[in-house]
Structure formats: structure tokens, C-alpha cells
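Have a look at these structures, which come just after this line.
Across the two complexes that follow, subunit A remains constant while its partner is subunit B and subsequently subunit C.
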Partner chain A sequence: MHTIDEILQILSEVKPGIQVEPDAELVRTGVLDSVDIMSVVMALAEEFDLEISPLDLKEENFHTANAILELVNRLED
Partner chain B sequence: MAYNSFPYLCIFLPLCWAAWALLPQRYRPAALLGGSLIFYWLMAGTYTVWLLLAAALTWALGLGLGRLQELQAATAPALDPAARKAAKKQFTALQKGLVTAGVAGLLGLLIWLKYLPFLVRSLNSLLAQLPFALQVSAPSFVQPVGLSFFTLMAMSYLFDVRRGTTRPATHYWQVLLYLSFWPHVVEGPFDRWGQISPALLDPPKPDYRAFTFGVQRILWGMMKKLIIADRANMYVKAVFDDWTKYSGAAVLVATLLYTLQLYAEFSGCMDMVLGAAECFGVPLAENFRQPFFARSVSEFWRRWHITLGAWLREYLFQPVIVSKPMMRFGKWCRTRFGAALGRSMPVWAGLLLTWLAIGLWHGAGWLYVVYGLYYFLLQWLGELAEPTLLRVCPGLARWRTCRWYKLWQMVRTFVLVNFGMLLFRSNGTRAALDMLASLLRPYEGSLLIKLDVQDLWVLVIGAVVLLVVDLLHERGVAIRESIARQPLPLRWAVYCGGMLAVMIFGAYGDNYDPAAFIYAQF
Partner chain C sequence: MKHLLELLDSTVQRWQDRPAFGDEHGTLTWHQVGLAVHSIGTAMTRHKVQRRPVALYLDHEVPCLLAMLSTLAAGGYYTVLDTAQPPERVRRITDQLEPALLVTDAAHRAAAEALGLNCPILGVADGLAQPPEPFVLQTLRAEAIDTDLAYVLFTSGSTGAPKGVAVQHRAVLAYSAWAAGTFGIDETTVFGNQTPFYFSMSVTDLYTSLRTGAQIQILPKRLFSFPVQLLDYLTTHGVNTLYWVPSALGGVVRWKALDYTALPPLRTVLFAGETMPTPYLNYWRAHYPTALFANLFGPTETTDICAYYIVDRDFADDEPLPIGRACDNCGLLVLTPDGKAAAPGEVGELCARGSFLAAGYYNMPDKTADRFCPNPLQPHYPETIYRTGDLVRYDEEGLLQYMGRADNQIKHMGYRIELGEIETAAFGQEGLQSCACVYDAPRDRLVLFFTAGRDLTEALRTRLAQRLPAYMQPAVYRRLKAMPQNQNGKIDRAVLREQCKEDENHAYH
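Showing the complex of A and B:
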């Protein structure tokens, strides 16, 4: 199981300068666009050695840091 | 039979609606299919065969994919884990094979009919550099109308069935209706099978509100097309087709008018398309969302031709980046250039591929490759510059919420989009560069090119009306619902005003050249 801090750390590396709360909306507020999401995906794949399929790339899996954490934990299971 | 023509609006559409509404519910899909095939035949003649073939291939492969998925689900519970894993691998390979065959067939059709002459011309340019004479004869095809739309929709159908997000159609006519449905076959939007098939195959009852809302939207689209786009086209055509004669303000006005023309025409066409489908209870996907309120070029493309961007994002950009070769490329970059570039370079590669696809989708020529590269460079440079800007100017993150900074971002995006429009409309890359350079030279002649003062006023007022409507939509005002809440005389005053505006200010008749829909040629 991973922690929300690990996800927040990845987000701050991908988008320098942002400070987000675990439940803050990321996609609809424009904090993350489709390119940022793919950078997050690359970082997650590298950091946690995950295999992410196109079906996992739904907006609901990236709309908050907590949603990203859920995705990571689900993929690891 | 264009969407704004008299036969379409006054004969075809009412007859189809009457047939659809009067037939018993179970026969309504037949009315839609009959109407779609007649419409396509009138537009494409014998080239309809390509549409029939694409639909047949898509239906057969979709059915095959569905059968394999059913078979896998039925056999899996009886197998032990090792055998289940082996069976899954086999089923996956078979499904991949079917999807590959479908993509090869559909993409092959698209390349053969749309891109082969361009590829042969480019090859001949290379061969001309050789010391001996060798040329390949360029085939000449007539591109069937809507080819780029129905082939991509057919591919999305196969991808969705393969991913298990939608069930395949049982009958051939169902896929044929999905691909040929007349409101979206010529200029899109790229609708998904899962989104519109319920309304196509199990149509709702005729609904007064849906019908009147649909007619209102068609009227609004007509206003945009006939009052604004076709009027602006005369100025634009005169300057862009004879660019060597013009410079400075004339080129600037022509570029701004082309942006206005393309927006009014394409979004107007979408209004006519979505309005027509709404009359039949079919909810097509929105293709525009106030694009000129975008604060970056990437946001602009999420608001302009939304369904093309979504198609490419979902079926090209994202799958390419999470593919195994790209993941390996990411690892290789990470070991060579560090974590940040290892993360970014595969994304940039996917971005480049997507922009090239957007460029080439718009046309088979090097100009469109340059057009795609222009937007790639803008987005890529923006991505590169952002961390540096934040370091140099830490207050930038705070400014982003400031109203004036947002306005500056919108103006900046509008200017960059206009450069792209100049490139897009010009007669080749050489002409685009000449026109860009000519912007710096003064223009001595009259700015009233092919239009008189009254025409320019109509355009200015039309642009202001478009802006106000977009502003209301941006603020979440539902204009048609607001009109529907008004008393009957006021509602009809609005409708009659719209019709009169089209009749009085529409650019048609002896003094005007009728302009074909620009996106219909893609």
C-alpha cells in the first residue's frame, strides 16, 4: 500500500509550483491537462513499476490525488 | 445536398422527420437508415460502395470480437489458473489480430483514397534528386465525402468493442446506420457507438420540445453560416487566392475574417447537424465549447473540434505513451538524461505524433504537416517554459487567478491561433511565409475588398452577437431554455427575427458566391 504523500510528491515533481490537497479537484480546475496526466502516468509507472493500460486513463482516476492513489493501489493488487 | 441548401432543409429533412414520426416505433430506425443512404447516395453517388464496405468490415470484425469475448467468459470458469492464463493470452492475441485487421483495412482505405496521391508526389520529389530518371505515376481518386469521419468512427467502434466498453452490433444495418447517419456523416462530430446507438436503434417518441429546440438550433446555425461565414468568405477568398497583391492591414483583416469565417461556419454547421439530430431524438456529441475563451493553445483544442481531439487523445496519444516500446523508451531516457526528461520525452513524442495526425487529418499535403508542427511547437515550448517562468517569476501562480492575467492569456491565445489560421488557409507554405512577411509592409489600397461598408458592419455586428452568445454559454446560461420560458408572442418574435435576419442579411443571391462547407472536404 502506498501513501498519499508519495502521490503528492510525484504531482509536485510533474507540476512544479502546485500545492494540492488530497481531495482537491485536479482535472476540471485545469491543474492537470491531458499532457500532465500522461507525465504523471509515466512517473507512476517508473516509480511503482506499474503496467498501466489505456483503459486506466479515465478522468475519474486522476481527478484528485486520492483517486490517483486508489488507482495505484488497485493496479498493484 | 448541403446542410444549408433548400432541398435539404425544405424537402429532405421534413420528409425524413415525417416518415420517422409517423412510422411505428420499431420501423423508425429503418426511416433513419433509408434517409441516411439516400442522403449519402445524393452526395457521393457510386462512391457509396466504400461506405458500405467499411461498414461491412467493421460489423464483421466487431461481431468476431464479441464472439471471442463471450467464448472467453464462458470457458474461463472451468479452467485452472494456469490454463486460464494461457487461454487469456490466446484470446487476447486473437482479438488484437482482429483489431489490427480492422485498422489496416480502414486506415488502408483512408490512405488509398485520400493520401496516396500526396505520398506518390512526395516520393517523386525524392526520386527527382536521383541521377537517373525514375518517377511513379500518381493515381487520381475522388475522395468519397465524409471518408475521414466514417473511417475514424468505424475504428473507434472496434477499439471500444475490443476494450469491452461497449457491446457490438448484432446486425449489419445497425453499424451502417451508425456510420452513415446523415447529420454526422459529412462533417462529424465523431460520435461513439455506445453514446448514440440507443437513440438510433430504439428511437424515442417524437417530442415537441426536442423538435422545436432542434429547429431553433438549425436556424442559429443558418444565421452563422449565411450571415457571417459566407460574407467573410468573399473577402478572405479575394486576399488569400491573390496574396501577392495584398499586404499589411488587408492581410491582417483577411486573417481575422478567416478565423471568424471558419468558426461561424464550422460551429454553425455543427448547430445544423446537432439540431437536425435533436429533432430525431439523437444526442450527438458537442464539438465546440466557446474556443476563444481558451487561455492556452492546448485548451483551445479542447474547445475547438472537441471530438477530433478526444478521438486522437483516447485512441492515439494515450495508447502510444503507455505502449511497451514507449515505456522502454522512457526508461532509456531516464538512464541517459535523468528522471524529468525520462518522464517527459515519451510524452513529447506522443504529442508530436498526435499533432502530426491532426495536421494530416485536415489534408494531404506538407502545409498540413507544418500546421500540425506549429501547434506542437507552441504546446511543447509552453510546457518547457512553464517551470522556468515559475522560477523566474514566483508570483505567476498567483496571477493566474487574476482577471486581467486571464484576459491577457486569452488575447495571446487568440493571436497565436490566428497565425495558425493564416497558415491553414494559405495556398502552401511559401504563400504563408510571403503573407506573414507582407504583414509588415504597409497597404495603400482600400480595405473594402469584395465587400462594401454595410457588409463590414454586418460582419462586425455578427461577430459581436457571436461573442455575446458565447459569453452567455461560458457563464452557464442556457439560451434556448430561456427562450422557451418566454411568452408565445415573444418566442415567435425571436424565431421570426432569426428567419428574417437570414433572409435579409444572408449572403446569397446574385451578388454572392455560394461557399461550400470547408470541413466537408476533409
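Showing the complex of A and C:
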């Protein structure tokens, strides 16, 4: 099981300077644009050695840090 | 025909209750669009905008389209501002435009006021509540001529002041007649609109729809992060026609999204705005063998497009696509630096003439005179051509091939190099998702940025060594997690050049 701090760490590496709450909306607000999302996906795949399929690449899996955490934990099971 | 809203009038009459403009909040019929334009247009006339600029500070949604057409109804010309840009960048445009009126909505009211413009602000909701005054609008229409401006579109220009391309009704009428006819746009067409309304490509979506009764479904920008959901959205809304930048089509390719969900009912896929990597085209064509694919080419200064190529054969992954031939009713010349017609096969600057041409640059007489010039091949009467700054040549089949920007060609080891040739050679490499070659001028070296699922540096080095001369070999290969994009969704080369500079600063630490 991963922790929210690991996800927040990745987000801050992808987008230096951002400070987000675990449940803050990231996609509709434009905090993460499509280039950022791509970077997050690549970082998750590398850090956690995950296989992220196109079907996992959905708005509901990326719209908050907590949603990303759930995705990562689900993929690791 | 002299005025763009004549297109709207006849479409409203003919297609009344068919869907016209949709976004994720809802869809308006042509009848509803007609009413809204009369109301907002009437509200705008209160501010005396006839033959004056109106700035629109609205998101990429249906109300922005209504405000654009309403400006035309009130006899003015519009500029759409990007609400996502920081205020100082927006002011670089409004300083030049000096709008007579700013139109916004409740969500952007505070930001619009903070721009500090010296003009009244109209809310879209207030405009919609205005009872239409047909007589006032008819009078304005009667006073209009086809060389009045329809809009001023600012090119993003990474350095210096943005240039406002001033486009007349006549140009959009001529251009949209070509585009609608060539690609069979009609009332059964449903556009999936990707491009922002401050970008010239959106002119094609909007005005071919006005002309034919086609429907525009505006795609939420965030869906381009989620390709499978994007495709499902197209299916849900019955989208059958795309006119996107290649980077947007590439997002679907990178995830092979067409293999993971039902295919949207596409029949026409058009693209422009940057070079189309042939592997992207091949992936899409493999899934849509009977659809029409076309490579469109042109600057904002020819309304949107001046040349096009309908894909009519197979292309290898590292074979460049032609830009084809002149659009009907648009004249093209290929000129050598001394103003002569280039011989067949010879590289020259692409120049355009005819009714597609913009009037010039807004408040920039010197820049206008520099690019909108007398035709050197036609000395008998005054005729203006637009010099695109793009280098082209005719190939053996008589098709135009794009050879890069005249001002972008770099000189490296004494050779003139077109960076696009290096990118084309790199494409075809198994596993490569996207790439962009940048010239690192301070260090006189080529840097190839790429994205891929694994490090392809050695594979690319070997591949390019076999295909390109020594002076075209990149010195540095940089794998990125994601390719940076500008506000229109194209590869952002300015950001890549900045990264070269940063690399240099870090090199000695």
C-alpha cells in the first residue's frame, strides 16, 4: 500500500511549486493539463513499476491526489 | 453575398430545429442560435461597435460562438481572448486592439474588470435578455460591405508583440465556400471541435457550419488527457468530422486508444497547424480505411488554409506528406529570393494571392508592407500577394512539398538544415511516440527531444546515422516524460529551446 505523501511528492516533482490538498480537484480546474497528466502517468509507471493501461487513463482516476492513490493501490493488487 | 451572417440567416431558415452548437452543458438549435445572436447583437449596438473592435473574454464554449456572431450582427469585428492566459499577456493584445467593448460572463467578470480596459463591459446573460431590435440590425447590415473586418486574430508569437491578422467578411466567405465544398461538409456533418476560437483553424469549423447547417460539438479540453474517454465522447455525440492539430490526433495514437473502445463514426479527418508525423496518420488510417484524410496547410493570413492534400495512397512511416496543391479560388506562387518563379523542383517561398488573403496586420503598417507585397510576376496592375515565409518545392508529381520556415532554417557546420527532415527520419523508429528537433545555437548543436516508453537514444542514433548525413546528426538525445504543448495544442518549441539553455547552465555543475 502506498501513501498519499508519495503521490503528493510525485505531483510536486511533475509540477514544481504546486501545493494541493489530497481531495483538491486537479483536472477540471486546469491545475494539471494534458502534458502534466502524461508526465504524472510516466512518473507513476517508473516510481512504482506499474503498467497503466489506456483504460486506466480516465478522469475519475486522476481528478484528485486521492483518486491517483486509489488507482496506484488497485493496480498493485 | 457580402456578409457572413447571410450564411447564418439561410441556415436558420432551412435547418431551424436541427442542432447547431453544443458543448458539455447543452446544445442549441439553429433557431435558438438565430434568436440569441439577435438579442446579444442588439445589446452590443448600444455601445456603437459598428466597424470597431469587440474583445470577447469567454471560455471555449457555446456562448463564445454566440458572442462572435453577435459582434458581426452589430457591425463590429471580434477578437477572442484566451481566459487561461495571465492578464499581462492578454493586455499585450488589448493594448493594440483598443476594444470598444469587452464581452464576458459571470464566471470571468472579476478577471475581465481586473484587465483595467478603458471600455464598457457587457455580460452575455444581459445580452441574451435584451429584446431584439430587427430594424436596428437590418440597418447595420445594409450599411456593411464585404471588405469590412469580421475579426482580428492574434498570432501567438513567442517573442515580440503578437500580430493581429485583420480578416474581412469577403475572405471568410471565399475560404468557407472552398472548405465546405472540398470536404463535403453538409447538414449531416458533426464537427468535434478541438481548436480554440482564438486560433485560425476554428474558422473552418464555425463558418463551414454556418454555411451548410453542420453541427459543432465543442470538445472539453481536459478530455484530450484521457484518450479513451475522448473517443467515447465523440461516439456519444455522433461526431463524424475532425479538424485537429496533429498533436491532438497523436494523443490517441500514443495510447493506441482506437484499439480499446468502440470506433467513433468518423468519416472525415482533417489536420493542420504543424507537420503531421506520418506514423500518426497511418495508425488512424488503419482504423478508418474508408474515411477521407487530408493535410491542410496555410497561415492565419490566408484565413486558415491555402494548400491541401487529400491522402490518396499509402505512406511509409518516415515519408513526409505533401501539402499538395492550391485551394480552389486561391492562387499560389513559389518565388526565389530575387522574386522570380522557382523552377520545377527548386525550393522557393510560398506566396498566396486572391480573396482568401487578410487585409493586413492591425495597427502595424510596416509589418503589413513587409509581408503583403506587390506581385513581382504581375507588373501590369496592382495585385497584392502574401509572403508566407514558408519554403516549398514542387515534387515530380506536381505536388507541393513543405521544406520548412524560411526564418527557421538553421546553418550548422556550414550547411542549411531543415529540422523537420530530422524529425521525419526519426519517425518510423519502433516505440517512438513523438519527437522534436531543436537547434541549440549557443553550442551549435542539434538536440532531439523525444517521448517513448523506453530509452531509444541508441536506437535513434543508429537509425539517423543510416539515414542522414553527418552534419544532420543530433549531438544530444533527450527523452522527456511528455512533449510540451502550447495553448493551441501544438508542440511548444520555445519551451524546448529554453530547456536547451537550462541544460547549458547545468552543464558545469
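Things to note:
As a convention for this text, the second predicted complex is superposed on the first by the 77 of 77 C-alpha atoms of A that agree within 3 Å, B and C clash if a C-alpha of one lies under 4 Å from a C-alpha of the other, contacts with A are read in each partner's own complex, and residues count from 1 in each chain.
As a working rule, contacts are C-beta pairs under 8 Å (C-beta built on N, C-alpha and C of every residue); 3 or more make two chains touch, one makes a residue touch a chain.
Everything numeric here is computed off the predicted structure, so don't read it as measured data.
In the superposed pair of complexes, A:F62 makes contact with subunit C only, with no contact to subunit B.
In the superposition on chain A, contact is made by A:R28 with subunit C only, not with subunit B. In the superposed pair of complexes, A:P16 makes contact with subunit B only, with no contact to subunit C. In the superposed pair of complexes, A:P54 makes contact with subunit B and with subunit C alike.
Touch criterion met: A:M38 reaches subunit B and subunit C at once. Shared contact residues on subunit A (touching subunit B in one structure, subunit C in the other): 14, 30, 33-35, 38-39, 42-43, 53-55, 57.
Put simply, subunit A touches subunit C in their complex at residues 14, 27-28, 30, 32-39, 42-43, 53-55, 57-59, 62. Remark: subunit B residues 163, 165, 298-299, 302, 313-314, 317-319, 321-322, 327, 330-331, 334, 339-340, 342-344, 346-347, 350-351, 379, 383, 387, 390-391, 394, 396-397 touch subunit A in the complex. Listed in rising order, the residues of subunit A touching subunit B in the complex are 13-14, 16-18, 30, 33-35, 38-39, 41-43, 45-46, 52-55, 57. For subunit C in complex with subunit A, the residues that touch the partner chain are 84, 221-229, 251, 255-257, 260, 451, 481-485.
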